[in-house]
């Protein structure tokens, strides 16, 4: 049994290729999560703001993203963008773009929820102590908002990581795609190749996502809202 | 009334929470139709006593004998016992997703397998007696605290219990709602329902009780009639407890008046 | 935009949407059943089962559906478990969804207080009746937003089923994209998913509003 498992990973550059696939997966995840956080904060502040038209538009954007499968968006941007607008984006760029569109919308909603859930009197009591506007923001509002935000953001990050295998459909060589290619070749000689390779990928994803979800749960317990 | 047949016998009841003894060998006999009011300082074990009688707390020692049946037997079918021992809680604990009427019908129909008509007739009778028949379709959140507690009492009565346990049922109520609930209980007492009442309402205790049980430190310190207990308590501990409910006149030193004036 | 193309290919998308809905329906229904059972096991902390259930929930929630499906469809047959695409899709969705539904229900169950349980016991309800009439109805109302989010999430996840050779919406779209007509195909694709998922999202929003009005919070 063990021999059959080891032989798959030892054959050719299989293990190295899987690691390269993991690299692609992580690259998309990290870039998309980072961009989502950066873009999500202003979006969220606008969502919590006073301009009704802006709020309406952002709400529509969020609802559309929430209802539409990410895979459809990937197809939309990969197959239509190039033809309709004559923009040629690589599969990698499309992936990061689509994941960021999704992540920024969800991040925006998290920021909106965190900002609007802070009671008004936090501002008032801060000012009543004689703090300036900026001081209230830095010492009172932002620390509380970040505490409320962090578990949700971490949660969003794991959701995005778990959705990266979708890039398989636009032929990006991520962990899953590489795994499939390996199984296709090795499967002829080793009938159990699919069990080992997909099992291995299953474990890798678990090893990445489980600690992150533990962290999120720990933070939720430490900073109950 | 006092010479009635024995309904409930508690012998050397022991209950521990973790290492701490809450009931330290309590012995008590309750006769048919008796109204016992249990009073005592907080933490004396009075609520624990009621909870043991309804099987909500496992017992660590001693015996509870209800109508000849040993409730301290681990094989006790509590579902069957609880149909005969009604309990009302401090915080009402009505089921929030059911209307007042549905709250009342749940036990008779699902536990006692009564027909809907029969259960409804009984619910109507009791709800009329507590003046809430009109509110039968209200959800608990639409009722005041006093109304909720009256529904909770009816919910317990609808099972035709042989004995009722009231656990500080007015402690969560606004003062103006205490009366309507106590009136219902007084009414039941007059009809000869056997009851164990834990309360902090001393005037009510005195009016409704056949016997006062004064509990302190996990044991019965006094067991007497209300007149004797309130006018002439036998023990120093009871006297000290009763003193909490009296206020002496406050003699303010003259100096404090200045402060009061300045604040005005 | 070529309207004739859209009209001509419409029926294909309709059939594919039916398949998506069927698989999603059974997958989500089974997820809810599995989730509720797991949540009840965790609620009562049944000694061994409670640990097994926790492990399952973590595995389901911390791995992607696509990897689970690949393992089920391409891996397990090698070990003697052979199933066709549709069964595999439903099984995969149930494995994933069961973990998410369990968490959704668990949140609701833990919101039902110990005092409510005691009130139920005090009128003589047995364990099953207590769950059926007191705990689950209250837990469901509290869990509804989480159940709604999970249902929509699972609906969206069904988009990967073409990897187990199921001729669903994505499968059909990918096929047509080979012939060109990308904007028409994508329009049909987006419209189909909107038609499938939007009503569900609206129904849940309506349910949540209704339950909030009928609301509990004594």
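For clarity, chains are labelled A, B and C in written order, and residue numbers in each chain start from 1.
Note that a contact is a pair of C-beta atoms (placed from the backbone, for glycine too) under 8 Å apart; a residue touches a chain by one contact, two chains touch by 3 or more.
Treat the numbers as computed from the prediction; the structure is a model and nothing was measured.
Visitor: When you check each chain against chain B and chain C, which touch both of them?
Guide: Where chain B and chain C might share a partner, there is none at all.
Visitor: Among all chains, whose Cα centre is located farthest from the one for chain B?
Guide: Of all the other chains, the one whose centre lies farthest from chain B is A.
Visitor: Could you put a whole-Å number on the gap between the CA centroids of chain B and chain C?
Guide: Distance between chain centres: 47 Å.
Visitor: Between chain A and chain C, what is the gap in Å from one C-alpha centre to the other?
Guide: The separation of the two C-alpha centroids amounts to 20 Å.
Visitor: How many angstrom lie between the centres of chain A and chain B, each centre taken as the mean Cα position?
Guide: Roughly 56 Å, centre to centre.
Visitor: What positions in chain A touch 2 or more of the other chains?
Guide: Residues: none.
Visitor: Considering only the defined contacts, which chain B positions touch chain C in the complex?
Guide: Chain B reaches chain C through residues 54-56, 78-80, 82-83, 86-87, 89, 91-97, 106-107, 110-112, 139-141, 148, 155-156, 159.
Visitor: Inside the complex, what are the residues of chain A that reach chain C?
Guide: 63, 66-72, 75-76, 79-80, 83-84, 158, 162-166, 168-169, 176, 179-180, 183, 191-192, 194-195, 198-199, 201-202, 205-206, 209-210, 213
Visitor: If we count contacts the way the header does, which residues on chain C are in touch with chain B in the complex?
Guide: Residues 115-116, 118-126, 129, 133-134, 137-138, 141, 214-218.
Visitor: Using the touch definition from the top, list the residues of chain C that touch chain A in their complex.
Guide: For chain C paired with chain A, touching residues are 58-59, 61-68, 70-71, 74-76, 78-79, 152, 155-160, 163, 170, 173-174, 177, 182-183, 185-186, 189-190, 193-194, 197-198, 201.
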